[in-house]
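Naming follows writing order (A, B and C), and every chain is counted from residue 1.
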Amino acid sequence: MVKYLMKRILMSLLTLFVLITVTFVMVRLVPGGPFDADIAEMTPEAYANLMARYGIDQPLPVQYKMYMQNLFKGDLGESLQYTGVEVAELIGRGLSATLSLTFIAVLVALIIGFGLGIAAALMPNTWVDRLCMAISTIGISLPNYVVAIGLMYLLALKLSLLPVTGLSSPAAYVMPVIALALNPIANLTKLVKTSLIDALNQDYVTMAKSKGLSQVKIVGIHAMKNALLPIVSYVAPMIANLLIGSFVVENMFTIPGIGTMLATSITNRDYTTLSGMIIFYGAGVLVFALLADLAYVFIDPRVKFED
Amino acid sequence: MKRKNLLKTTVYLLLALCLLLTACSSGTETPSTTAPDSTDSSAPAATAAPAEQEGTEEEATTTSQLVVSPAGVVQTSTTMTGAPQAEEQRLVYNNIESSSYDPIRNENMDELSSHMFEGLTCWTQGELTMGQAESIDVSEDGLTYTVTMRDDIYWSDGEPVTAYDFEWSWLRHLDPATAGKYTRMLYPIKNAQAYNAGECTADEVGLECPDERTLIITLEAPQLVFTEILAMREYMPVRQDIVETYGETWSLDPETCIGNGPFKMKELIPGEKIVYEKNPYYYDADQVILEEIECRFITDPSVELMSYEAGEIKIATQVSAESCLLHPDQSYIIQRLSSMWLVVDCEDDVLSDVRVRKALAMSFDRQAICDAVFKGAEQPSYTIIPNGMKDPITGEPWSAYGQYFEENVAEAQALLAEAGYPNGEGFPTLIFGTSTSTENEQVAQAITAMWKANLGINCEIKVEDSASFIAHRQEGAFDIARWTNTGGYNDPTNYLAYYESDQPNNDSHYSNPEYDALLHQANAEADIPTRMEMLHQLDEMLITDMAVIPLYNPAQKYLIDPSVVGAGVSPAGSLDFKRAYIAAE
Amino acid sequence: MKQSATIRVRNFEKEQATIDWTPELVEKLDDSEKDTGFIAIESTTFLQDAWRKFKKNKLALVGAGFLILLILVCAFGPMLSPYTYDQIDLFNSNQAPTAEHWFGTDSLGRDLFVRVLIGGRISLTVGVVSALINLVIGTIYGGISGYFGGRIDQIMMRIVDIIYSIPTMLYVLLITMVFGSSIGTVIAAIAISSWAGMARIVRGQVLTLKEQEYALAAKALGANTWRILIKHLLLNSIGPIIVTVTLNIPAAIFSEAFLSFVGCGIAIPMASWGTLSSESLRTVMAYPYQMFFPVAAICLTMFSLNFIGDGFNDAFDPRRSK
């Protein structure tokens, strides 16, 4: 097991390295430089000074070498957009806002998703099932900016129940969390229901029932364990994607999170911040992937890892 | 089966209901804007600010219901007139966040920085007034400005402001190592450009401080309105000790963001809001009534509107024309020093013929486009110089001087035929570039549709995001591309200078030795009326050759709560709150 | 044609005791009873089976019906309308729905009904084609990776992780830069950025299933690798695969809408539901009907696709036969 873990970590680092390099090149391939938005106002001298300051006027291999050297020292560099601000600090800032929002959204999504899915699976073809699938369908059908605007309009403007923007109070979390979690809830409900029904139809469940085990034990332990495989496949990237894909929600509710930061760093061609975020995101995904694969082993003993 | 059907129907109905609710409840508030245009016009259904109109509007045939005002005090028909309220004077409004509040690094309009910093001159309620300077003397030849500073000016931590602060700040900005983006503004100063290019030392720059209260500025050439230029953010001072100790992030922390303006930073939450409080050391502090200002950073216009309607913010700045029409008695539209035009590639095969360019310029209806897309908030323009650019001596707006062409479809068609493309036959497809933004795209579509209908010319519209668009435009990837400029001060040279031959920003690739010669002459001319005459001639030359196709003047739109009194706006569109207050009910 | 089954039971004990086994004692069966693939009911293929089950599902039928109707209307509707999608009429801009303009007009006076229909063409095309590409690439990739396991699996999954880690926007920007922002590039961008999910799921399924008895049996019998992969493993994974595909079509349509929201979507003046809804977002407070119709179209289409997906799910899964 330990050997396997070590191997995986090594592979992950390698992947990360490839990721950084690919991003480095790709980002600089997109047309328009970090300072081109202001180019009409800048004189050639100012432009030259600016490029020199950030080392962008150097040839690509030289830039790459400098960047990697700094990276090994743990220095992600300075943002091109926010003069003088370290990328690490920028990410940290955005992270605290996004994490609190995402954590709650994931929790809500898991609880409600599993709840609805289990209910639908246990009582198929009843009104409970229909209701759960209706909620699921609605959640999949509405784009999240529509949900955001709708919620804002109803709850904040017309009913004055919640503040329109920001995360200043616990009440302010309600709308962004709903907007973020709705889609995952919908997907999760469906997945849980399908997987659970599949598991419940297996022979060992009939066996367990005939043995007289309680419903809770059957569903909660036996069936669930076996149903978890495809669900875990979904949840791991879901969490990672919520972190970044929350751009729209963050943008509309004026939450200074990393989703917004990612989008603006692309628009502004802020190479350093973008690279830094990709590294962070990439590392996160790799960690989640590792956890998911480990989870596979524990859940399904039939899955073996060959070396 | 019945239950299934019932539930399914219910679900469909519920959803439809929800969406319908949204549709219906907003519908009732919309004033009738859909009346078709007709020459036997009805009076505009709802009017906005009663402030004076600029000369270019025709009341009879316009469908627009929005009235545009010049820079000045922001007030609407519902603005209260009472005295300041007794409760806390705290204003909450909204604007776009900047990545830095250091005046030289602020990439947006200087507004958020200009609350905290003040230059030698400044804009107060739309008027240019003395700021940190007490008096400014200009020499006969217009090359030397002697500034005497006030003796009661202090930084927000109590330290006195001196002329050395200004000198150091400007030199810091020009220093190549600082890599300031907007150093162009400082180039009027002698040797500033050379220093910025690293070709000379700081001592050679035309700045001198004989003593703490005196600053002598030597210019390269006489300037039209140098006193207005001095109010710009590139000329605002910063504290040497702070910048040298704390590095470039000094303006992001309330502890270290020390300024000399009417307010100082109290709190900054990046991505969310910034809070200012009154600066007790400001020389005019007893006239400043507001105690705190909070500026939120909502970017989405619909969200901002909702925030405004919920009463969470009192001034909305990312307002669309439709939102103004929803609240006509709370909207204020200022005619900024801003212009939008199309650059036409004069070196292209077909476009190098001036008749073709003229045909293109004359064959679409600017007023109709402005009415449809902007509800009349933006105004058509027949020159690239903003209509509101004022003559420094007479005070007349630029457009009063004359118009060099008119829209005339028949003539345009004749010109095109003369050039060899009757009805657009044989005319290649033009590539029209614009950047992403709903309004830009709509304008592009409207113009190209009119060209197709009136001239039979086809265009392919390419929409790209800002950075790509600008890069491609400079490379010459487009035959026709959108260009916009917002000047901070009343000098037409800002616009005319683009079209000097071989200028890096001359994306029209217009090259006319006469134009260049006249431009240089104008730049050296100290006598203002003569200079203005030359600038008008340059404008005429540019339009006669139709190197560019003028479109319209963008306007800045605001929604102001009636209780906000005394806010000012500069010609560049920056709000100032030096004399503002919240009125009592 | 039904054949009656006859089963003869022989009393071995009785016979063993008394009979000498000679070839003549053995009754030769005629060839008709030598069938090994004999099934005692009417024989139908897997697909016919599935179709029958699908038809029983009322919701799925409604969904399918609506979708077919939608496709027909979107394909042929615009030809019947007097307006085209890019016909600008600046004097009639921003009109609420009337008899002339069933869905109203947008800010340039274009008829919204036609634009929603054209948008439907684009959005549906984007959704279906990218989901299909997604399905094919993801399934093949995940299947191979899961089946072979070991080093191949490791390398292939690492590549998937890399693809996952780069934000979608970057792909799209890059592709849009090189190839322009047309339907083809948007489809390519969406498909490329989302096949990784399918690959993971298929791989997960294959990892589990390949250790199951029938797979091992097939292997023992010497079946060809491809045969095992396709016929046994993948066909048995069809449940989760179908669920994923039906989740992918709406997701693709959403991705397209998201791209339009951030400005990278289909180029103007062509419309898609995504661009229509995000364009109208700016003025939703003033003209809510401009957002209502595209969003309603998206919702109803999603509903239908989901019902169809559920129908497929139930129909194809042999373990859930009723």
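Throughout what follows, a residue touches a chain if its C-beta (ideal position, glycine included) is under 8 Å from a C-beta of that chain, and two chains touch if they have at least 3 such contacts.
This one's a predicted model, so the numbers in the text were calculated from it and none came from an experiment.
A.B. asks: What chain sits nearest the middle when you go by CA atom centres?
C.D. replies: A
A.B. asks: Between B-C and A-C, which chain pair is linked by the larger number of C-beta contacts?
C.D. replies: Here the pair linked by more C-beta pairs in contact is A-C.
A.B. asks: Would you kindly tell me how far, in whole Å, the mean C-alpha position of chain B lies from that of chain A?
C.D. replies: Each chain's C-alpha centroid was found; their separation is 38 Å.
A.B. asks: Indicate the whole-number Å distance between the mean C-alpha point of chain B and the mean C-alpha point of chain C.
C.D. replies: Going by mean C-alpha positions, chain B sits 50 Å from chain C.
A.B. asks: With centres defined as the mean C-alpha position, give me the chain A-chain C separation in Å.
C.D. replies: Averaging C-alpha atoms per chain gives centres 24 Å apart.
A.B. asks: Of all residues in chain C, which are in touch with two or more distinct other chains?
C.D. replies: Expected reply: 173, 177, 281, 284, 295, 299, 303.
A.B. asks: Using the touch definition from the top, which residues of chain B touch two or more other chains?
C.D. replies: Residue numbers touching two or more other chains: 4, 8, 15, 22, 300, 302, 306, 309, 465, 468.
A.B. asks: Residue numbers in chain A touching 2 or more other chains?
C.D. replies: 30-31, 137-138, 149
A.B. asks: Spell out the residues on chain B that touch chain A in their complex, using ranges where they run on.
C.D. replies: 3-4, 7-8, 11, 15, 18, 22, 25, 99-100, 102, 105, 107, 176-184, 187, 193, 196-198, 247-249, 252, 269-273, 296-300, 302-303, 306-307, 309-310, 312, 465-472, 474, 483, 485, 504-505
A.B. asks: Which part of chain A faces chain B closely enough to touch in the complex?
C.D. replies: Spelled out, the residues of chain A in touch with chain B are 30-46, 48-50, 52-54, 79, 81-85, 93-94, 97, 127, 130-131, 134, 137-138, 149-150, 152-153, 156-158, 160, 163-167, 251-257, 260-261, 267-269.
A.B. asks: State the interface residues of chain A toward chain C in the complex, per the touch definition above.
C.D. replies: Chain A residues touching chain C: 11-12, 14-15, 18-19, 22-23, 26-27, 29-31, 133, 136-138, 140-143, 145-146, 149, 187, 190-191, 194-195, 197-198, 201, 229-230, 232-234, 237, 240, 244, 247-248, 262-263, 266, 278, 281-282, 285-286, 289, 296, 300, 302-304, 306-307.
A.B. asks: Show me the residue ranges of chain B that touch chain C in the complex, using the header's touch definition.
C.D. replies: Residues 1, 4-5, 8, 12, 15-16, 19-20, 22-23, 26-27, 30, 33-34, 36-37, 300-302, 305-306, 309, 320, 322-323, 325-326, 365, 368-369, 371-373, 436, 438, 441-442, 444-446, 449-450, 461-463, 465, 468 of chain B touch chain C in their complex.
A.B. asks: Using the touch rule from the top, collect the residues of chain C that touch chain A in their complex.
C.D. replies: Within the complex, chain C contacts chain A at residues 149-150, 154, 157-158, 161-162, 164-167, 169-170, 173-174, 177, 197, 200-201, 204-205, 207-208, 211-212, 239-240, 243, 247, 250, 254, 257-258, 261-262, 274, 277-278, 281, 284, 291, 295, 298-299, 301-303, 306-307, 310, 313, 317, 319-320.
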